[in-house]
Amino acid sequence: MKQRILNMIWQPETFLIVLIGILLTAMGRLDASFLQWEVQRALSSHVWELAIIAIPMTLIILTAGIDLSVGSVMGLSAITTGMLFQKGLPLPLACSASLLVGIFCGFLNGWFITRMKVHPLIITLATMAAYRGMAEGISHAKPVSGFPDSFTWLGQGDWFGLPVAAWVFAVMVGIVLWMMHGRAFGVGIYAIGHNETATRFSGLRVDRYLVTLYTFSGFASALAAVLFVARRNTAKADAGMGMELGVITAVVIGGVSIFGGRGTLIGACLGVLLIHETREFVSWHWNRDELNLLALGILLILSVVFQKLLRHKQGSAI
Amino acid sequence: MTDATSTHTTPPLKRALIYLLSHRAAGLFLFIVLLLGIVSVMNPAFLETQNIKDIAVQAAPVCIISCGLMLVLVSGEIDISVGSMMGLLAACMGAMVSESRGHLPPGMAIVLTLGIGVVIGLLNGWLVAYAGVPSIIVTLGMLTALRGVTEIVMGGSWITDLPDGIRFLGTGAFMGIPISLWTALTVILVSLWLVHRTAIGRRIYAIGSNPHAAYLAGLPIKPLKLFVFAWTGFLTGVATLVSVPQLSVVDSGIGVGLELLVVTCVVVGGTAVSGGLGNLSGVLCGVILMTMISTVLIFMKLGENATYWSRAIQGLFILGAIIADHWISRQRKS
Amino acid sequence: MKSSRQNISKGWITTAFTAVLAVFLTACGPGASNNESSNASASSDKNGSKKITICLIPKKKGLPYFTSCAAGAELAAADLGNVELIYDGPTDGSPEKQASMIEQYTLKGVDVIAVSPNDPDVVAPAMRKAREKGIKVISWDADAVQDARDYFVNQATAQAIAHGMVDTMVSDIGGPDVKAEVAIVTAYLTAANQNVWIQHMKTHIADTYPNLNLVAIKPSDEDQKLAFKVTQDLMKAYPDIKGFFGISSVSFPGAAEAVKQAGKSGEVMVTGLATPNSMKSYVKDGTVKSVVLWNTSELGYLTVMVGEALATGKLSSGATSFDAGKLGEKKIDGDHVLLGDILVFNQENIDQYDF
């Protein structure tokens, strides 16, 4: 019993919750207005796209993979929506098309990774350049804007007191949690991350899993792109530039091991929350954007160092 | 064995192709020659000495850093912080020599810049080897953090008064050949010596290709990893010194995206991310190819369109290299 | 035994970590109370003479161009006395981050937001939201979508800048009768501002200078090195090229350096927009005959003056002129507050400016 409690205390999630608690208290003391519900709700609109992409990224990193192309897929999907809208296609069709583009991009990633047996880092590094390049090539880097209000509501409007994107995120997290929890799907993902070869020999269709995950990642990126276009009322080839770094940082801070097999979706969500609050607070309070970069970099390295220590602690507690 | 059987069954042309692709340097070299042929037919001005010299000067810093990064990859780690590191080193160098700021003598600034490079490299290496943080995380964090430090060092203004002593490193020449090329040549020779003639080089390959065996063999894994990161930091410093003074202004955006270019060059050059595999000649060809592409595109006069598609073409090159690798390994198996 | 020792050492580390955090928290403590008291004094100020918070958002923080604008803005704040100035912007120049910052300031309830939009369409929704909350929104340096702001502090119209650059180039290369190839080195392909200028430059060239032939427009991705390289390549690919426009403060010095190193100073002309400090050496050695810009410090100054006047009600719509303190009377054209003419820096006057 004592062991179990100890074990729970030394989870990275507990550590994150404590850390977030401490940081929020500190932020509240420095600047009480920051913690008002209205402020938090409005500021949250900056993070949902990142949060949505963090879901598949968590699963992918759990399988010891990585997807660097998410930002570029966002760009390509955003520009697809924009160009088709400009060509006069109805928006629902344009959005569906951009979701299809995202799904296809993700599928292509998965296909290359499972077929070529090359590390996902390299494959998605290549597709990162290729997809972004295509977005620039197709659009000649010209932005599309002037979307109707019915569409921008998706990004700017509220539904039951929260931004629409928050609900999208909640539904996705719900579904993925349900699928992960005690079901073969979840077990399979962790198994691949722990030991891919052994999992292969145990008869699991590893390749099918991986292709599904990367396709899911493409889909989520495209979904984020549509929400992004709606929020900013502009479709541009540089949408989601640098998104991959933010997402990976959040997931890793959330206690998901980059070597796979360790970490949880809840942890990743806490990681997203942590970097979101840090980012917003630094520019809220100090009005110095350059501090943000410094803070995030240090936060990333330190949190991984501490998680490693925790893991030792956890190991000795068991 | 399998090679022997395949020589009997496969037609000679295919055999040649397999040879070229599996010897990455040779394959890339042929590809470069082919590309040169095409572009010089379309626009003979490409082959003028001045142009070749310009391309070489652009390739020099990339080549210098790639020599270090290759060893990092061979040891089974990765370093994606070199872009921001170069930005910070450039800012430090500029701030030290600028008359309105540090006003140090150039010689001292050079030593200090290299020193800061080594220190950052050591920090990377220490976090990876001794604190046990995955290298992609450490260097991702550094990529972000160092960019922030650079902005703070620059303080919103640029350095526009680099003294001639420093400018000479970027613009000067020795026996008609720019300093940066001499430096790159030196770095290549030192790297060749390091890889082929020293125990350190062989051991780096050993820990990359089989970490467990290396551990059992009692190799000093941690110091070696510390070394490769410090070496990369040092080379980034060298690259900063010979490339940044080519221009008169040190701004805060130096080195943005450089890490991607360098990783691409090294990987296209046949270095495996999983470690243990990679050779300098391949990396060199990778560097030349990747730095050549954009110039080639301009010389082909494809018009405005090519500008917009150049990034896509870059991505397709990497994919092409990956597919080629895959194809060889399948050919070998069959 | 060993494991328990390990346990203890790890426990130590955790304790140390907690201690560090505790120290951090206590360190924050006095700061927090300071802040509260300063807030309180600010609100008491409000009862007496109203303290006005003005946020100045540049396109990209860290560019000397904007830093010099901010210096002017601070002068204005000091002159006025009742203004608290916040200067912050994205260090990476991302329009999306700019929009996020506008949203933050809206929530904070500042009085005036002055923004130099990186991409007018992206920041427009955020600016409209700020206006709905009663915040005065002005654009400076670059215009926003018209209904998203109250006033635009206009240093020079896009047309004037574009025409200025083309005219300068034509006179530099020897008049409108000289047949010449020219090229533009821009910032990003997606940079909205630059694209508007390029559009105006194209039409101006087509309408007025049939002998000028624009052969290429290349991006430099705000990377001096790339601007240098692109210029080098263009000079070789188009050996007859006579002139380069460097239309961002990064691409201009890069292009000039390339021309200088190719030994074509005086033969191939470079002109464009940049801060004088980074161009001084080129102007002096003759690579660059003229640099087009405006008085950035005065631009920042005027922006803060307009912001303050809007917030206090001194300036209302329909005004045709505006008293900008030490800058004197400034003309208002519709909802554009005009700074005045563009400045052309050349060998004679460049030493008078230091920014």
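Each chain carries a letter (A, B and C) given by its place in the written order, and its residues are counted from 1.
Methods note: a residue touches a chain if its C-beta (ideal position, glycine included) is under 8 Å from a C-beta of that chain, and two chains touch if they have at least 3 such contacts.
None of the values given here were measured: they were computed from a predicted structure.
**Student:** Taking touching chains as linked, do they make an open path (line), a single closed cycle (ring), a hub with spokes (star), an all-linked set (complete), or other?
**Tutor:** Shape = complete; every chain linked to every other.
**Student:** Considering only C-beta pairs in contact, identify the chain pair with the most of them.
**Tutor:** A-B
**Student:** Cα centroid separation between chain A and chain C, in whole Å?
**Tutor:** That pair's centroid distance is 32 Å.
**Student:** Could you please state the distance in Å, as a whole number, between where the Cα atoms of chain A are centred and where those of chain B are centred?
**Tutor:** Chain centroid spacing, chain A to chain B, equals 30 Å.
**Student:** Two or more other chains touching the same residue: where does that happen in chain C?
**Tutor:** In chain C, 61-62, 91, 189 touch at least two other chains.
**Student:** Please output the residue numbers of chain A that touch at least 2 other chains, ranges allowed.
**Tutor:** Answer for chain A, listing residues that touch two or more other chains: 136, 140-141, 290, 293.
**Student:** Going by the contact rule already set, what residues in chain B reach two or more other chains?
**Tutor:** Where chain B meets two or more other chains at a single residue, that happens at 147-148, 151, 304, 308.
**Student:** Which of the residues in chain A come into contact with chain B in the complex?
**Tutor:** The touching residues are 66, 112, 115-119, 121-123, 125-134, 136-137, 140-141, 245, 248-249, 252, 257-259, 290-301, 304-305, 308.
**Student:** Chain A touches which residues of chain B in the complex?
**Tutor:** For this pair, the touching residues of chain B are 78, 127, 131-134, 136-138, 140-149, 151-152, 260, 263-264, 267, 273-274, 304-305, 308-316, 318-319, 322-323, 325-326.
**Student:** Per the contact definition, I'd like the list of chain C residues that touch chain A in the complex.
**Tutor:** Per the stated touch rule, the residues are 3, 6-7, 10-11, 13-14, 17, 21, 24-25, 28-29, 31-32, 35-36, 61-62, 86-92, 94, 96-97, 99-101, 103-104, 107-108, 119, 121-122, 124-125, 188-190, 192, 195.
**Student:** For the complex, which residues does chain C have touching chain B?
**Tutor:** 61-64, 66-67, 70, 91, 189, 216-219, 221-225, 228-230, 232-234, 236-237, 239, 250, 253-254, 257, 261-262, 277-278, 280-282
**Student:** Provide the residue numbers of chain B that touch chain C in the complex, in ascending order.
**Tutor:** Per the touch definition, chain B meets chain C at residues 43, 45-46, 48, 50-51, 54, 58, 147-148, 151, 154, 156-158, 160, 171, 243, 246-249, 251-254, 256-257, 294-295, 298-299, 301, 304, 307-308.
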